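Below are two complexes that have subunit A in common, paired first with subunit B and then with subunit C.
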Partner chain A sequence: MGLWLAAPDFFKARQLLSLATATSPVLVAAMGVSMVILCRQIDISIGSQFALCSVFVGLAAQRGGGPGELLALAMGVGGLMGAVNGALVAGVGLPSIVVTLATMVTWRESLRWWREGEFVRDLPETFQWFGAAQSSGQWMVIGAGVSVLGGMVWFTQFCSGGRFIYAVGSDPEAARLAGIRPRMVTFLVFVAAGAFTGLAASLNAVRFTDVDPKTGTGLEMQAIAAVVVGGVAVSGGRGRVLGVFAGVLLLACIGPGLVFLNLPPQWERAIQGGIILLAVASDGFSARTGHRNAISGGKHHA
Partner chain B sequence: MNNALLELRSISKAFQGVVALREVSFDLRPGELHALLGENGAGKSTLIKIITGAHAPDSGEIWVDGQWVKGLDPRKAHRLGVAAIYQQPALFPDLSVAENFALALEPPSPFRRVRWALRREQASQLLRRVGARIDPDTFVSELSMPEQQLVEIAKALGAGARVLIMDEPTASLTREEVGTLLGLIRVLKAEGVGIIYISHRLPEIFEVADRITVLRDGASVGTFAAGDLDESELIRRMVGRALTSEYPPALSEPGEIRLEARGLGCARWGVPEVSFQVRSGEIVGLSGLVGAGRTELARVLFGITPADSGQILVEGREVRIQSPRDAVDAGICYLPEDRRRHGVVLEMSLASNISLAVHRKLFPRGWIRDGAERELACKLIGDLAVKCSNGEALAGDLSGGNQQKVAMARWLAAGPRVLLLDEPTQGVDVGAKGEIHRLIRSLTNQGMAVLMISSDLPELLGLSDRILVMRGGCLVSEFGRGEATSDGVMAAALGKGGVEL
Partner chain C sequence: MHDRSGWRRWLGIELVLTLLLCMELGIFSRTATNFWTAQNFFEVLRLSVEIGLLAVAMTPVILTGGIDLSVGSLLGLCAICFGKLWRDAGLPPLVAGIATIGLGVGLGSLNGVLVTRLRLPPLIVTLGSFSLFRGFAEAITKGVDNFTNFPASFLFLGQGYLFGVIPAQLPVFMLVALAVWLLVHRTVIGRGLRAMGYSPEGALYAGLPVSSRLMWVYGLAGGVSALSALVYVAHVGQAKADAGTGYELLAITAVVLGGTSIFGGKGSVHGTLLGLAVLVVMKNGLILSDQPGELVGIVTGVLLLTVLSGELLMKFLSRKSEVRRRERLLKTR
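For the complex of A and B:
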């Protein structure tokens, strides 16, 4: 609101369109991460997955892959990397923070070793914006983001699978006693997060004429921040996908908002950090009042 | 009674309206072993927690050394010389014995220089005092269970404990180890330490106890000199109460065999080999002390810890149960003991909880039909008289009894052939208890087969058509409806008399 009063130009259609296009991939990645966090896990490897998928998409485009093939390839590669996380977390039973920290470093470093930091250039004309004009291409990317959002709202609120994710995230043992297979649910959630990251990578790649192998650095933090700001409990089982959408929008507006308000852009990260703290703190306070009598209040999830 | 080390006067305590202790008085003299006895849930643990300061009593007075102590908390209790040793030692496994002592005994201060030699010397002294031959540099994780217990006792003595509480200290010990421990107890008594001793092993109690206080339903039945009682009298005092006749009767004879276990076992979880049958329309009660293997048996039947030997038959057909999902598919449903944690998903609505186990049946296409879910929830909420505003209320906001009904509603939605109930009325208030009893009976009257684990003897005797008693992972006795008496069941559970199978 304040932003609208102070800088009405900010809401000019063209600005909004480009902001929405740039935000779409983050939204798609955040959708995947929100499922993981709802399931009481975490995935910090999506930034590296994103980079690897982007490079694969670029190379496939060089060899003349069509848009459909590129999307399938990206989601397949992402899903495969997600399956590695899922197998280690759900199958072997390792803590997800450690597993995804390891895969984050592994994917990133293998990519560096393989590409030696080289950009994927000389992409065919048909690559950028899926071969369409910029404006219709932008609408395609936004459309993809919005469809994913709609699909996720439907899935988490109105499908058995979504319900199972909430149940496993709230209380894996109770879910198991209700005949749900928590390990299978957890595995599939990681696979889905990988596939979503692959989709996000291809939506991002078509915005440019080449692919930077360092792309996606810090994406995991952006996505996790959006999920947390969106009201999803880090302890799992609580939160809405639409809240995550709001979180993505809020965090995405800060950078451009600062520019329009003629404030130094260095403040972007600090403000984002402040918003995240605020979100977590309000969650913590409401949880604290709920468990006022619990002696274990001190070790309550942050 | 001025020479009492510790005296409790008319202590009462209730948890969320459920009375745990009612006007209990208790005293402990120096050099005395005072045994505290009672069934599971009689209030022993609550009393112990009040003495150690973990719970504050709602009313009543605590006197130590003739002084009224107000606002007792764990720190104050520790300073006054109260120490408790539980069945599972509370030591840090990755620290050495000497370091464990130091954490409890040396004054806490972040930058105090550690004098290792002194620390080690003090540790060996303490260990010698309890007659333990343990190197103070050993890691606790390398010690056996009885060794850890000795370390615990040594730690308590080092802290100047004069009131030593021992909760089932011999539960995990072998016969010789028990002998050693009892020897140590005699030494401590001679040194003037007062010991409060909780155990289900009656022979042990008669060997070392000076006085015995019996709790029942949160009230003290009385304090007796150990010489004035014999075992059967003691058992009678532990369970003896008139059975209320409010339990709904069975309307028909049991029908065909619904559930049969043949030589069922899961060695890893302490169920060696169990065979039994449950018929349609029958409530079979499963009795035994805590740790007798009742819950473990239910978990094997439900596939949480799958059986490694034997067979499970449902309606005469053998079923393979490797996971709870297999069990649900076979028509076996399980209402777990720890309802507050695992019976319902606290963060979900009632309707979601009720439909959770029947998604594949109710929503075969994978998406949730709100109408069908609401209809199912409404019907079961009505049938079971769950007290709530509507199906959208969160399960976590309900009372214990109503959560239990929701957990049951979930399984009724699955249309089970056999219902396994584990302590179905634990922590449930009296009114809801009666409702749950009537509900269970009306289910069997419609042909359900129920296996009910319960530590509540009146409930077990009043509701069950047949009672099986477990001890040490085995079925040791069986009582028909007419033959079961509280004394008989308790004696069988404790391993004394009864009809051996």
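For the complex of A and C:
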């Protein structure tokens, strides 16, 4: 992070505020994905879920839905799509990467078929920033992101439900013998990930005056990258929510950071990939040399 | 392990896919115009070569229990590097092509090094290189550069016809597919790959050189991706940074549809080819039947889930009948 000390302008308050607003939805989505990965599964369909939820939110706003209704609708639709994934993974027993690969393609193409790439326009005045002024709206979005983060820290560290996720992720069979129902936990985790994606979609949608049906393309990779950089093991059961937070922040700073350092922005993807590899490689190194004392290895090297 | 002898051996995913393919052919021969012509047949083959190469190279990777998400991005990067070597370094296409394949092998081996030396999960390593390779392609071209005007002798690889009908890239594909098939199904190495997929520990204690084999598998995937990049560039006639976006998912879909277990150990190259055939025939048929292109994605997703669920169900039923058979045997004694 010391890199960005070279560009003092980067730390101007307004710049940080808009960056934080843009990052909040990614953070919320990454929270959902981190639960899935902690449970030893993976979900690559959240980008498509995100797009579908955004369009639903936009259409509901056109018909005059209030902020509460919009949030409930988005989380409901997201949760439903998550339930499809969960049922196929936990109920039928198919591998999660294949299931979510299939649902990713299916949702995305259904949306394209239905909307034909059309933007949802002519949204009421009260839609953007939930009808508030821009600055207070920004704070609302950031506040939602931070409270989700706080809730997740509390849930994963201090609630039995959160610990169940870790238990199932480390060893489903042992968890079953300990009286946890691994299939139920897996199912609920997918539903929760869908609902979080819905919430993220509505937080993202209110930043603009119309809804782009292509929104959320590549979000799954962004979220998984943040989770992995944050030190969560893809083998499940190991990692912390605060680490994911650090991962989200780090990856979000690359793009704007490049602009402020006057570097060509085309390097963003390459640097992102480099950071992911570096983070997991340092994790691997520390695991090999046996100096693994903290749960999260990756973020210290960032 | 489940004993697959006699007629039971054919009651697998291959049969399901063959039936599916026949069904597709039957439906589309009625609904689609110009579907049942030799010209269209070869056109379908031509369009499936790039994805097919990736899918064939992906099969051994998935057999070892790994995955390679970076092949699509590597295709893009190799296409750019080929264009760069040919136009800016002034190399003849043949030399540039060989250098590109070397680059592909090298970058694929980079995945292999991270997977084997640092014992990192392949999903994460290749997710990282997925961004890294595409990012380099974007950085080299600054997002706008585009290589065109390749010589006709090179474009022949992607657009020409042998003997007037056979697309020029088809022999290349068949050669690679045959080589990988022989490697996986007729050599000790291929058997070792399955063993590694079933149980990496067990393979190690059985004396298999697991690390170096994995390196070779990822290197092979990289090299074939580079070859696929050459075919792609010759086919489309230009090289841009976004070449091959999303191809990795199509390739994985073909492999998984073809009955290769995503957890490794089980699967076949001919299954992959069948899966690929089902996918490309469906795409071609739907488009020739004047259906919207989006339907292709939807049907692909649903098909993938249905075939896999069907396979699980069949396994469950055959295990049940096996149990019943044994019970009967016990009673008669």
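Observations on the structure shown:
Keep this in mind: the second predicted complex is superposed on the first by the 281 of 302 C-alpha atoms of A that agree within 3 Å, B and C clash if a C-alpha of one lies under 4 Å from a C-alpha of the other, contacts with A are read in each partner's own complex, and residues count from 1 in each chain.
Please note the rule applied: contacts are C-beta pairs under 8 Å (C-beta built on N, C-alpha and C of every residue); 3 or more make two chains touch, one makes a residue touch a chain.
Just so we're clear, the structure is a prediction, and the values are computed from it rather than from any experiment.
Of the two partner chains placed around the shared chain by superposition, neither subunit B nor subunit C is touched by A:Arg183.
When the two structures are aligned on the shared chain, A:Gly161 is found in touch with subunit B, with no touch to subunit C. When both complexes are overlaid on chain A, the residue A:Arg207 reaches neither subunit B nor subunit C.
Annotation for subunit A, partner touching more residues between subunit B and subunit C: C. In the superposed model, A:Glu173 makes contact with subunit B only, not with subunit C. In the superposition on chain A, contact is made by A:Thr106 with subunit C only, not with subunit B. Of the two partner chains placed by the overlay, neither subunit B nor subunit C lies in contact with A:Arg240.
Shared contact residues on subunit A (touching subunit B in one structure, subunit C in the other): none found. Chain contact summary for the complex, subunit C toward subunit A: residues 67, 114, 118-121, 123-125, 127-136, 138-139, 141-143, 249, 252-253, 256, 262-263, 292, 294-298, 300-302, 304-305, 308-309, 312. Residues 302, 304, 323-325, 327-329, 334, 336, 341-348, 352, 356-357, 359-360, 363, 366-368, 370, 410, 414 of subunit B touch subunit A in their complex.
Note for the complex: subunit A touches subunit B at residues 154, 158-161, 163-164, 166-167, 170-171, 173-181, 237-238.
Note for the complex: subunit A touches subunit C at residues 42, 88, 92-95, 97-99, 101-106, 108-110, 112-113, 221, 224-225, 228, 234-235, 264, 266-274, 276-277, 280-281, 283-285, 287-288.
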